[in-house]
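What follows is one structure encoded as structure tokens, with my remarks underneath.
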Amino acid sequence: MKEVVNLPVKNIEEEEYHINMGPQHPSTHGVLRLVVSLQGEIVKSLKPHCGYIHRGIEKMCEKDTYPQIIHLTDRMDYLSAHINNHAVCMLVEKALEVEVPERVKYIRTIIDELNRIASHQLWWCSFGMDMGGLTCFFYGLRDREKILDIFEESFGSRLLHSYYTPGGLMMDIHPNFQKSVKDFIVYFRKKIKDYDDLLTGNIIMQERTKGVGILSKEDAVSYGVTGPSGRGSGFSCDVRKNHPYGVYDKVEFNEILMHEGDTFARYMVRMHEMHESMKIIEQLIDNIPAGDYSVKMKAVLKLPAGEYFQRVEAARGELGVYVLSDGNKTPFRMKFRSPNFSNLSALDHISRGGKIADLVAIGGSLDYVIPDIDR
Amino acid sequence: MKEADFRDNETLELFKKSGGNILLTTIDAIFDWGRSNSIWPLTFATSCCGIEMMAAGAARHDFARFGIEVYRASPRQADVIVVAGTIVNKMAPVLKRLYDQMSDPKYVIAMGACAVSGGPFFYNTYHVIRGVDHVIPVDVYVPGCPPRPEALLYGVMQLQRKIKLETMRSPRSTDDLLR
Amino acid sequence: MNFSIYDFTSFNQWLDKLLYDNLSPFWAVVVEMTVIGLVVLLFYALIGLFLVYAERKVCAFMQNRVGPNRVGPYGFFQTIADLIKLLLKELVHIKNADKLLFNIAPFIVICASFMAIAAIPFAKGLHAIDFDIGILYVIAVSSLGVIGVLLAGWSSNNKYSLIGAMRSGAQIVSYELSVGLSLLTIIVLAGTMQFSQIVEGQANGWFIFKGHIPAFIAFVVFLISSTAETNRGPFDLAEAESELTAGFHTEYSGIKFAFFFLAEYMNMFIVASIAATVFLGGWMPFHVSGWEGFNHVMDFIPPLIWYFGKTFFVIFLMMWFKWTFPRLRIDQLLTLEWKYLLPINLVNILIMAFVVLMGWHF
Amino acid sequence: MNNEQLKERILGLVPDAEFQENKQFLTFLIPPARLHALAQKLRDEEDLAFDFLFCLTGVDLIKQLMVIYHMESTRHKHQLVLKVQTEDRLNPAFDTVCDLWKTAEFHEREVYDLLGIRFNNHPDLRRIFLDEDWKGHPLRKDYTDEVNIVEL
């Protein structure tokens, strides 16, 4: 007689349903892969798998000279390319004890802030798209083109500029620069109201984001969630305030802090930051001092042996650059502390218990740029 | 751009010279007209070039004019995969799989220096595929780091031109055509 | 023999007579049905293509773009190019998919929308069949489509598809209620379910005006719930692109995908024409009692123009929704239906019944 | 707390910590065995309160392997750098700190992936960027790969 086999009875309630989001998925903003365990529509847990765009930039840096490295940093977080350049330039300047002219500091600060606005505009586009409002995408990109026009006028490139060099700038700003920036501020002050009308005030959007994906302040600090995402949880992590660089110590601006820690708070922090950035630019644009746009540097830059660290506030959070130099023209070890990498680590924690749609909204509000995670 | 400049590469049109039966050429013309005017891209971007691809779809450059705005997230329904950005060793099998999942006829545009040749990540790195043509066949290369949206549009128009030369007839050898 | 674009009854009678005079009754019926079928099929394809084009232009207009303009004048042949391409695209056979159901699903979806068109009156005398339970028929038939969606999701052997199908099932089953009840409100007022009589009943004023506030509420509820029933944004959870890549039709390619694509637009056309017929008077011109001259001018505009004008107005409203609102979450979607629309609807019917009883309507 | 006081405090906690000169940060090289206990104290004690680990770097010093912890106190705004080293290049291992700072989980996985340094008690120590079957650890100075690397 055949033996009766007792198959293990599975409890359907406890069974999990795994789906792969990515590497090609519209809401992962690139090639991130999230393995999501679902129970019905509810996210039980998720595991991020990175590395689908890991290009080994840190290894390349060990063979490249410092001016070459600047070009690689552009391609990490391409949406805040200038700010990444700024970090490396300041690090080299600090190591060589070079003081850059005031004019350079002013211009760098203005362009950093323009870059931050452009980045937040693109975030708004993609956040709107993640929420299902496709028109947001076009509104945001329409206004972003205006900033790209300013960039193109001054340094001839739209996205990756490598405009900063150790010791100053690649070239002087275009004579029209001040006028076009001022025009843009006037234009964007008007247009940002559209953003509020279209998405911020929308009942569906508010229902979907308020109270969703809550990240407490303690967790934000522990996970190292910085930038607008961290400030949405009340974590005062603005490098511009805490460790001022450029001319941030000379301008008046507020560090936007919200304490709810939900998706809507992260959204609102970015919306307010665009206003703050415009405020900073307005204070600086008329006061750019005359002078050289660059100081004379040696042809081959050799950093004295030692360790150097530079922190800047990129559009998505704190970017840290660590260099261990052995006195050669190339770094011995270079490490980028990328904001998105730490922000991503919190995704599992904050999206548990939400729905799939919440996961998408949370991902949009963390605003990750995958090449910056993978480097 | 002037029409003459656009057509400065004449090798493509040589393929058309070989002539054929009127019924087949008419059907060819209709099919090619349909295919070339409805190229739906796959939503796929790996890095910086993806942003310029988005910009190409946005209000200023608006590649909906060519009927390309129907971004399909599912590879089954897409016609062209615009490889926008670096492809690394870990991504290569995924890309191959995406390409295999697309239904024929399918086309590939390699957008940006990374996809064309590895670009800035050619030397001293251990994880980058130097050119996406090592993984999947490429129809049009669009150089630039990243290419401007206009460049992508130009690439798409060249792809349309290429599609217009497709035929159902059995292919002839290149020597035959160039004679 | 006088044909007029105001009344197609005489044309129908002439055609009917012609066929019966020349053929045996059996063949006359066969020919009649074939002709009607072909006309409806052609109409279906044309409207579908036009709607896709219209949507692309409307969304371009809302997004500061120009939309298709390279293929033909103003890009008018864009959708024809798309159709040719989709027809010629490879049909991917999915391993481990349920072959029969996988292949049959798009046909169910398209047949459901195809059948619903039959009952809709386009002008006086211009409809395929005039049921005395026309509204009931349309509601019943149009909700058959969900079976196709469920089958597509189930048989694709794809997890995204399954989630999309389940969402769609929950959504359509719930919103079907609101659609039915909001139409019921008007049936209470009209006292009939036959489309031709409903339209006739609006000769001296459209129901949305005749029925006071309850009719207007019913119209709004119908608009919301019919948008949801057609799986369009902001209720496009079944295909939610940013969440489920393409939802239930993730695995479909070529012409089968085109069927889903077309069915979506046709469903939109159908619900829009029901809205136009039941609430906005169908092909009836706009009349204000007492203004004879004005009414006469209105009568001069052919009913087909009235009908399509109203339908496209409603379609434009639905496109406007889609391109403005972000998508709802599944629990909010069900909350909206069961906690808000349904109670509002039930109360609304009571009020309407009361209004009709007291004779307060016009 | 300024750097002088902080230095006294740390040396009080770990007498065998080696102070290193650095212009920017207060830097200590500490024995690996004391890492976790010290990190715990650094995070939990009221006057130290280093709650924000803003960078975790692995370095290959050719002879040794080193891990660097950059930390900051969000309350007191002071910063500190800890280093741990090992000469064991075959089986390097340190204690994990990801139970103290959750951000360390990903950073330690990165260090493991690129430098091959193991972290004891880490909950999920897998490669994070490279494939599971990838051979070697690319950021090591002795890493060679004739197939993939084109030297300039």
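Things to note:
Order of writing sets the labels: A, B, C and D. Residues in every chain begin at 1.
Assume a residue touches a chain if its C-beta (ideal position, glycine included) is under 8 Å from a C-beta of that chain, and two chains touch if they have at least 3 such contacts.
Because the structure is predicted, anything quoted here is derived from the model rather than measured.
The chain pair with the larger count of C-beta pairs in contact, out of B-C and B-D, is B-C.
Most remote from chain C, judged by the distance between CA-atom centroids, is D.
Chain C and chain D have centres, each the mean of its CA atoms, that are 64 Å apart. Centroids built from CA atoms put chain C at 38 Å from chain B.
Per-chain Cα centroids separate chain A from chain C by 45 Å. Listed for chain B are residues 59, 73, 90, 123-128, each touching two or more other chains.
Looking at chain A, one finds that residues 25-26, 51, 54, 56, 59, 63, 137-138, 142 touch two or more other chains. In chain C, the residues that touch at least two other chains are 63-65, 241, 245. The touch graph of these protein chains has some other shape, matching none of line, ring, star or complete.
Every pair of chains meeting the touch criterion is listed here: A-B, A-C, A-D, B-C, B-D. Residues 17-19, 25-27, 41, 128-135, 137-139, 142, 198-199, 202, 204-205, 207-208, 355-358, 360 of chain A are the ones touching chain C in the complex.
By the touch criterion stated above, chain D contacts chain A in their complex at residues 22-25, 27, 51-55, 57, 59-60, 68, 70, 74, 77, 101-103, 105-107, 110, 114, 127-131, 138-139, 152.
Contact residues on chain A toward chain B in their complex (touch as defined above): 23-26, 30-31, 51-57, 59-60, 62-64, 71-72, 75, 78-79, 122, 125, 137-138, 141-142, 144-145, 148, 158-160, 370-371.
In the complex of the two chains, the chain B residues touching chain A come out as 42-48, 50-52, 54-55, 58-60, 73, 75, 85-86, 88, 90-91, 94, 98, 120-121, 123-128, 145-146, 148. Residues 56, 60, 63-71, 75, 77-78, 80-92, 241, 245-246, 249-254, 257 of chain C are the ones that touch chain B when the two sit in their complex.
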